[in-house]
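Two complexes follow with chain A in common, the first pairing it with chain B and the second with chain C.
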Partner chain A sequence: MTLKVLSVDDSRTIRLIVTRALMEYDCVVIEAANGEEGLAAAAREKPDLILLDITMPVMDGVTMLGKLKEDDALKQMPVIMLTAESGRENVSHISKLGIQDYLVKPFRAEQLIEKAVRAVPLQKKAAA
Partner chain B sequence: MIDFDTEMVARRFGLDPIPESVVRLTRLIASQNADLEAVAFVIIQDPMLTARLLRMTQPVSKGGHPADEAAVEEALMRSGLGIVFLLAMGDLLMRALIKTFSIMLASQLKPIHPREVAPIHEEHMVCEVNFRGKAAGKIQLRLTEETGRILAARMLGSPVESLSSSGEKDDAVTELVNVVAGNFLSNLADAGLPCHLTTPTLYRTSEFTMRKVPRGVSERMAFRSPETKLFLDISVNPWNE
Partner chain C sequence: MRRAPSSLDIQALIHQALRDVFEKMLSLSVQPAEANPHPEYSDRVVGCVGLAGESVTGDVFLHVSDILARKISAAMLAVHLHEIQGCEQVHDVVSEVTNMLGGRLKSRLCDAGFRCAMSTPTIIRASAFRIDAAPELRPRECFFVCGQEKFLVEVQLKFNDSKAYDPQSS
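What follows is the complex of A and B.
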């Protein structure tokens, strides 16, 4: 079973940590450094799951999320926000934009795996 | 005040409960107009806050006598309420740094008195981030190049000698500060002080003096782990004047 995960984060370090954690579970990880690159990668690669940072240059994660949800071809893709932002009001606002889950940095690799497994629909896992 | 639905969403995503230190900061903010006695009462409940207040307001040690409420009140009278915000914010920042080290680097960082650590005289790394909103301030993490290499290697789970470029080291240190500052700002927001953060900048300098914000109050904190030492400076203008 190989899941394709898109990691959108402007930090090379975080992308590397995410990639290493997911590759242990035989996932294929595609990387993007901002929301604009992330949107293009989502349309091109059709990932099973998107991990999305909030504060990024060029296009932030909340804007990218809004654009994903406006696009009929992309709006069903599960999204986990992966960010250092954990203010209650912000989390509550973002939860209404159609995300599967929310993971706050700093995070442990096992937390990421647990949330990733929960976010991807069973039929996707079976087909992968 | 956080409403019930908002807290339910946070719990659904498995976010940590709001730390007691944030609750305390909220109480301290609410007590802006309270008398010094009330503020001193909140501070004296926490031995670490008390010790930091006395350290900041009494540069020369008074021989290790246990602090009482009168000593705390006297310190507050001398320094004003701005120092209460600095105490509470410094507490949040310190906890964010220790938590980030524990989770991302599997390293236990211990706060120590800054005088117990030799200053860094050579050129060193400084990662700086500013925040502005209900409060304004500046956070700076100071560390040697060698400490930077060790931190980057631990974050990436690689041997120190395998770091191929200073870019990897700089990116890791910058992200570390980004995560710490993001946690700190989130706690400030939960305490009723929403602020926004600038992108962290990293530079090298031989200057070891704190950079302060105008009309701000400042504190230098020091930390040690088995393999590293670092300094964390915070300067705050609590009312963003």
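What follows is the complex of A and C.
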């Protein structure tokens, strides 16, 4: 089953890294550059997993997450938050937001895969 | 009493953060370098993030030459150097590296009791300019080398709670 993964990050580089990391897996990656676009994409695409950056212009990840949780149709979507901030308070705060997991930047592609596989039944693509 | 992280701590912290970013996301190694000779840039890309809180404010600048910025971009995007075209990709990569550096420093400051928020990164590109710190800021320059390229991380911090700041620690 092909899964849909929504990558919400203002950095095109990070979105590219996420897409590349998931290339070997049976999924389609949809991209959004901020929380506002991410919220619209979540409602439209109904992704199986959302990878959500915190610090973004227009609408940050925490605000987007809050809006997801207020929407009955979207609140069950698993979310992995990406953050450049590994401070105790930040980690403690985001852990309480009803997310599946979080990943501190910088990260290796394997760490991202490990967390994504733990969150949703992501399968490797069958060899051609 | 809260203690501001010492300059040595900040240098070590920046080195650790850079090493993490370079090794995990770029597969490049980075080493501390002497300040002299000061790196000369014909064209320079500078990433900047701001920190702002009640007890600490400041900025983190990552100064890299255009060629190092391109090498970093190629490494992060896993493409050949010649595939890096124009400035947009380079600026995005330098922004992200600066964001990760700033995020690490912010985290350390918050853990030490100096709560602050971090801005989204901005980029300055030019051939000849100087960033002067305001007199109350305490600039720290940390030099590094990646391959043949020397570069600089500049941290300017102001601790507003003077009672909390221990000058002996810096």
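The working rule: the second predicted complex is superposed on the first by the 120 of 128 C-alpha atoms of A that agree within 3 Å, B and C clash if a C-alpha of one lies under 4 Å from a C-alpha of the other, contacts with A are read in each partner's own complex, and residues count from 1 in each chain.
Everything below uses one rule, namely that contacts are C-beta pairs under 8 Å (C-beta built on N, C-alpha and C of every residue); 3 or more make two chains touch, one makes a residue touch a chain.
Every value quoted in this text rests on a predicted model; they were computed, and no experiment measured them.
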| item | value |
| --- | --- |
| Clash-or-fit label for the pair chain B, chain C on chain A | clash |
| Contacts of A:92 with chain B and chain C, given as first, second, both or neither | first |
| Contacts of A:2 with chain B and chain C, given as first, second, both or neither | neither |
| Dominant toucher of chain A (residue count), chain B or chain C | B |
| Chain B versus chain C as contact partner of A:108, first or second or both or neither | both |
| Touched partner set for A:12, first chain B, second chain C, both or neither | both |
| Chain B and chain C footprints on chain A, overlapping residues | 11-14, 16-17, 20, 55, 57, 83-90, 105-108 |
| Chain A-touching residues of chain C, taken from the complex the two chains share | 20-21, 24-25, 73, 76-78, 89, 92-93, 95-96, 99-100, 102-104, 106-108, 110-111, 115, 118, 120 |
| Complex interface listing, chain A residues touching chain B | 11-14, 16-17, 20, 55, 57, 83-92, 95, 101-108, 111 |
| List of chain A residues in touch with chain C within their complex | 10-14, 16-17, 20, 55-57, 83-90, 105-108 |
| Chain A contact footprint on chain B (complex, rising order) | 2, 5-7, 9-10, 12-16, 18, 99-100, 103-104, 152, 155-157, 168, 171-172, 174-175, 178-179, 181-183, 185-187, 189-190, 194, 197, 199 |
